[in-house]
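Shared chain: chain A. Partners: chain B in the first complex, chain C in the second.
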Partner chain A sequence: MRYILIFTLLLISFLGQAQDKYFTKSGFISFFSHSPMEDITAVNKQVAAFLDIETGEITFAALIKSFTFEKALMQEHFNENYMESDNYPKATFKGKILDYDKAALLSGQPYKVKVEGKLLIRGIEKDLTTDVELIKEGNFIKGETLFIAKPSDFDIKIPALVKDNIAKEIEVTVKTKFEPY
Partner chain B sequence: MKTKRIIVILALLGALGMMAALYMYNKPHKNYETQKVDITITSTVLVKDFESNEQEANEKYLDKMILVDGQIEKVALSDHGDLSIALVDAMFGVTCNFNSQLSDEQNNLLKDLKVGDNVKIKGRCDGYLSDVRLTQCSVVK
Partner chain C sequence: MRTLYIYLLTIIVFTPFALAQDADALLDEMMSEQSDITSATFKASRVILGHSIEQAKKGEMEFRISHRFGQLNGGGYELWGLDQAWIHFSLEYSPIDRLTFGLGRSNYQKTFDGYAKYAILQQQSGRRTIPISLSVVGSAEYKTIKNDIPDFNNSHRLAYVAQALVARKFNDNLSLQLSPTFVHRNYVESSEMANDVYAVGFGGRYKLSKRISLNAEFFWVNDLTGPEGVTNQYPLSLGFDLETGGHVFQIMLTNSLPMREAAFLTETRGKWSDGGIHLGFNISRMFSLHN
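Coming up: the complex of A and B.
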């Protein structure tokens, strides 16, 4: 009986929060490395993300192995040598919209904000603040941002032989379409 | 005469090396539809393994070709046009992601599937978010 009560209470508290949460399982992250030698792009269309419209909190989680490259060899090097995806299978971001205004988010107009949080790649956490544009469209909330990540910040060692092929600053694009939880 | 021969041999070796490098550089992606299965498991057990110990499960399943069977909980088409099928639970189950370009055979097998059906799906295990993720999936008859 006690368990049923606890379960019911949990369920109520969960349901109570549910409509404040938006999520996606198919968010889009791509990165772009430009160098005089070559341009490299990788795409991941299976990113999980949550947006809490009560608090303005945003979290992202992406699996490293789900990034696809045009060249199989690059994908192999990315996983095995640079990201060590067997040891560090995911990258995450946990952050918050600064000066969050729920009414502005839900207005249906583009809502331009700064999101501040922590980016975790290869077990190394770095602060990240980025400009984000959010817009509510019907039942969905769309979000988009672009930021720079440095391989050196995450202790990614690029062999001397290919150091001219990989940019010191990688451009990361994020696009998500959140749906109500 | 001798030096000429050495030069010719060196040039040939160089050309071979270049060809090998070019081949490696342009190596095609694996065809996951014909890839052989490493582990056969039910979707509920796969989810439990990740839930109870993610690190151990990663060591066991990451990058492996997994054949799961389970009940379809949700079929979704992402806004990028990619199909995904969730087994056990839409949020905390196994999510099988399919490529946008599929063979005719796969399209035929997929078009009749609906929620509640039992299905066998093969895919590469990429890891665990709130759900176990299989990518490069194909339906197995």
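Coming up: the complex of A and C.
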């Protein structure tokens, strides 16, 4: 009897946490800056993310230093001069799916939603609403979105000398493949 | 029942810690499994005169131009040194991240030089912690200037340098470096002068803003004996690093005219105390050779 009780408690304690959460450690975020002088692309493939399929809540966290650039010097300037990644090592997003419908998410059909939340970069929080496409494929839930971020919104100062090299609006692409937690 | 309570307690206490509940905590967990290599200990591959632990990354080529004007105490006739100019330029290439080769030429004694620099340790924190960066540099300098010294042959034109660079970035602004150095000259002008000279470099930078740093560099040298009647000086340099997009400008005041190790450690003649100071600058431009 005692063992059954213990087992049940254990089961409840894990199931309660695990079943409704999906996660990834290898989310993909890339950004693209187009300017008359040059195009700049950076990629981060080590993004942490959670999706709660009960509540429709989504969280993302990315390490700024994990963004890789084509040119090493660009990467150094990105970290040192623009993002100050020693002081602000992470960027995070916390949000939720608007008008969330769990059944639609789990249907196996593309589920197009709006996600609304807060984007935190360099200690500055900005509201962000973006169109996301989610689809459940087998055990996984894939998600994809694209939005625009402005360096000026996050107090990123671009010196006059390179202002033609860096776009005013940066295109950010996010791709994730969530798995059960 | 007692066992049950222990079980329950265990579950209650440990479950929240075992599973990260949001992406932020999960990222922390992922990061604790990795090492974070310290970057940008210095802005340039030279502290001022001497090598820093920085080097071009894989597939990058650095083109450097260094200038030194004449001595400030040259007076109005020499426009305080600005009438004279010495130049050094070099191409430096990294076939892999930790290894750089450089070839250079200076009009000072018409010298060719070559070096190799290898990063043995990289300062890092996280899963693996290394408190310092350690690089080694080997170089050779070949003076092609003509002379009429009897029995002078080509091997006399060569000098060699072996150097270790030990650096630490203490925080965002402050980095310090220690550079034990050995110089061997195949030829010296007088019998009092030693062929082998030991030196220790002390260098550092302090960032004044994101793109400007104040740098200082001093070399202690064990033997300052120069050719007849001349005493060498300890090289002392003060300067600023100014970073623009793809360039780093280094502007300095230094009592050294030569721009490579074997020469500036054994042929520095300017005295700070009586204005034997050169205004100078280094310009560095990085090119990416791969895609």
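Following the convention adopted for this analysis, the second predicted complex is superposed on the first by the 166 of 181 C-alpha atoms of A that agree within 3 Å, B and C clash if a C-alpha of one lies under 4 Å from a C-alpha of the other, contacts with A are read in each partner's own complex, and residues count from 1 in each chain.
Everything that follows uses one rule, which is that contacts are C-beta pairs under 8 Å (C-beta built on N, C-alpha and C of every residue); 3 or more make two chains touch, one makes a residue touch a chain.
Here the structure is a predicted model, which means the values were calculated and not measured.
Superimposing the complexes on chain A yields a three-chain arrangement in which chain B and chain C clash. Once the two structures are superposed, chain B and chain C can be ranked by residues of chain A touched, with C on top. Using the contact criterion defined above for the overlaid structures, shared-chain residue A:K71 touches chain B and also reaches chain C.
Touch criterion met: A:K177 reaches chain B, while chain C stays clear of it. When the two complexes are overlaid on their common chain A, residue A:F28 makes contact with chain B while staying clear of chain C.
When both complexes are overlaid on chain A, the residue A:A160 reaches neither chain B nor chain C. Once the two complexes are overlaid on the shared chain, A:D86 sits against chain B and chain C alike. In the superposition on chain A, A:T59 makes contact with chain C only, while chain B stays out of contact range. Shared-chain residue A:A103: touches no atom of chain B or chain C. Once the two complexes are overlaid on the shared chain, A:Q46 sits against chain B and chain C alike. Steric collision with chain C, judged by C-alpha atoms after aligning on chain A, is confined to one stretch of chain B among 6-14, 60-68 or 78-86, namely 60-68.
Within chain A, the residues touched by chain B in the first complex and by chain C in the second are 25, 46, 48, 61, 63, 65, 71-73, 86, 90.
Of all the residues in chain B, the ones that touch chain A in their complex are 24-30, 58, 62-63, 76, 78-80, 82, 84, 95, 97, 124, 126-131, 133, 135.
Of all residues in chain A, those touching chain C in their complex are 2, 5-6, 9-10, 13-14, 17-18, 23, 25, 46, 48-50, 59-63, 65, 70-73, 76-77, 79-81, 84, 86-87, 90, 92-94, 159, 161-162, 165, 181.
Listing the residues of chain C that touch chain A in their complex gives 1, 3-4, 7-8, 11, 15, 19, 21-24, 26-27, 30-31, 36, 39-40, 56-58, 60, 172, 210-211, 243-246, 286, 288, 291. Chain A contributes residues 25-26, 28, 45-46, 48, 61, 63-66, 71-73, 75, 85-86, 89-90, 177 to its touches with chain B in the complex.
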